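Going by the order they are written in, the chains are A, B, C, D, E and F; count residues from 1 in each one.
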């Protein structure tokens, strides 16, 4: 009988971004993105929760060593996003808008390649305490 | 290929309420509802989390503009519940007890009519930091 | 050589209240107190922090046993305010408005009589996460 | 027509523990468990969230009286784990490692026997703000 | 007999910034400011606590109407800093580095002119949950 | 004209401890320390806030580089207390009880030697969310 447990690790990073669609004129961008369309950027303290689901190893009692999970997140996600301008300093948002929705998909896809397929993976990202996203659903 | 993302918006409101069943006598109400049956009411700071699930719009990167979601919650829920006596000042709890369970169902039903059917919707309501509810499951 | 240390205990209570000045007409009360003047009351989860300052007892290492401080707060403050209507169910707000400022002074005066004079005492009261008060300064 | 609602109660306890596998030598235990393998133990403030899912009772509006749920958790879980050494003072971790994963399974199994089968049950356990687990998934 | 009470209002804003000293070369800026010297900026969710000290008005029970205090902060501080690039979009940081220390002094000086001299004023600013500042001391 | 600003850095550590007075018999220890006198220890997640007061350096805008402050706390405090048994694994509590009051004094005295005298220093220590201490006052 298997007992699947979810384990969660929370990390944070700080970044600047600007929301706009380059195919639109300024008026339309302002109408849709408002203050988030500031051409000089604004920023956030992002809180990142990574959920990994699997069976505890009988020898360790761990589903996934959270110290190792923290290391994987730091090396593969925070190294690339922390203290960065998401629009200018990363390859991920050259052609897509760095909304919380798109950032959470990017983070999932980065981590999905680093975490063994036998584990389920889900990401929650807080842009502020009151605005957050989760992927996949 | 569709990528569904959940987006969450957190709002808060303050309200007074009293828990009791008018079909019961005082003794039975006290036994079941204890201090919550104070006939002069007591109150809470309610924290409300609204979860909307859908696919990000390729032009905006938004599943649902959280500023618009906040406006919908404010106009349709907070206008009616914030700084109110839930028993006396609202139509929703004339015949049902304003427990957290019933409040969360009422909020869901109000918002379900305002959010397009293509989006899934779920509500979490904190009555205190230690007591909270979620609907639907 | 004395080493004064501050110790803090946090408690919470829920209550209903209404803000208004009975000497004023409805128009003036609405202008000053707005939604807080709802005649049917509204409510809050109050978070209460009690700070006691003194020297640690060399035999115990305690300034003040926080379990005993919790008991004193529960018996003398929470018993009287928790799950109450501050305007109707208490003697403290018969002639004064139950603003956070007046509530924190009332709580200080109740506790000042129960805590030995050799200890300094200060109270912080959160009406919401974003509105709070402290007394004395 | 049934309307299932989830209700949550949050409790906390403090405990000491040590992570190690008695079948391994010291070197292997240090490599896997690091600082958590301190033979003199370390400790945590555990935050425990218990989720119960069912239909609100039409007479009370409650799925499950959260005061009663709190009593059940206190009598059956906190009495046995709070202010304890999980390795030495409990029967649960005589043969298994007190990792968060194993603790959350133990708590689930204790509570599953005390909560009527008609209710679904899920447990979330925070070992720190940044490390937490959930069972079942 | 006067009874001074402190009242606090908490607001938040999001902004981008870069820390560097234009009189220094890149090597020195990197040594001192590290990742905070990213020329493309990074950002934060700033949490702002404004403390006003005075005597409660006997007619209202308010030291300072927190709704009005919120309006003053919004009009005079958040309008100028929220969703801005502190280095490029504001007059305040043309010649000084937008460290948390300098931001909190700027906010104090803006608000000191808008709050009557009879009230004491103190500002606390959280750059992250773990890094924050207070002025004056 | 000098402008003193307070800067704060928050860190955390986990530890086990036991409260008792070796000069007392078991009965007296139980009466005073209750569950905290468990001879097998219990534990906490301690949150530590270090406040340093001084004037911002005109060249950097920093009172004290919080990255350096974090390093000082880690090397001098967390290295010695994190994942330790405070009674058995440290020199500080061989002859004094590891109450929050005594721990906060120990941490202050360690850091006071590492932080230049021109800066004022104050420590706040959370043993739980609801019990915390501050030194000096």
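Throughout what follows, a contact is a pair of C-beta atoms (placed from the backbone, for glycine too) under 8 Å apart; a residue touches a chain by one contact, two chains touch by 3 or more.
Computed from a prediction, not measured in an experiment: that's the story for all the values here.
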Checklist entry - Through how few touching steps can subunit C be joined to subunit D? => result 2
Checklist entry - So which chains count as neighbours of both subunit D and subunit E? => result A, F
Checklist outcome for this item: From the listed D-F, B-C or C-F, the one duplicating C-E with over half its contact pairs the same is C-F
Item to check | Chain located farthest away, centre of subunit C as origin (C-alpha) | outcome: A
Checklist entry - So subunit D and subunit F: same face meeting same face, with over half the numbers shared, or different? => result same
Checklist entry - Any idea what the CA-fit rotation angle from subunit C to subunit E is, to the nearest 5 degrees? => result 120
Checklist outcome for this item: Most remote chain w.r.t. Subunit B, using mean C-alpha positions, is F
Checklist outcome for this item: CA centroids of subunit A and subunit B: separation to the nearest Å works out as 28
Item to check | Overlap residues in subunit F, where contacts from two or more other chains coincide | outcome: 129
Next on the checklist: Dump the list of chain pairs that touch, please.
Outcome noted: A-B, A-D, A-E, B-C, B-D, C-E, C-F, D-F, E-F
Checklist entry - In their complex, what parts of subunit F are in touch with subunit E? => result 3-11, 53, 56, 59-63, 65-67, 120
Item to check | subunit D contact footprint on subunit B (complex, rising order) | outcome: 19, 21, 23, 32-34, 96-102, 104-105, 129-137
Next on the checklist: Residue numbers of subunit F touching subunit D in their complex, please.
Outcome noted: 12, 14-17, 35-36, 38, 40-45, 82-85, 88-89, 128-129
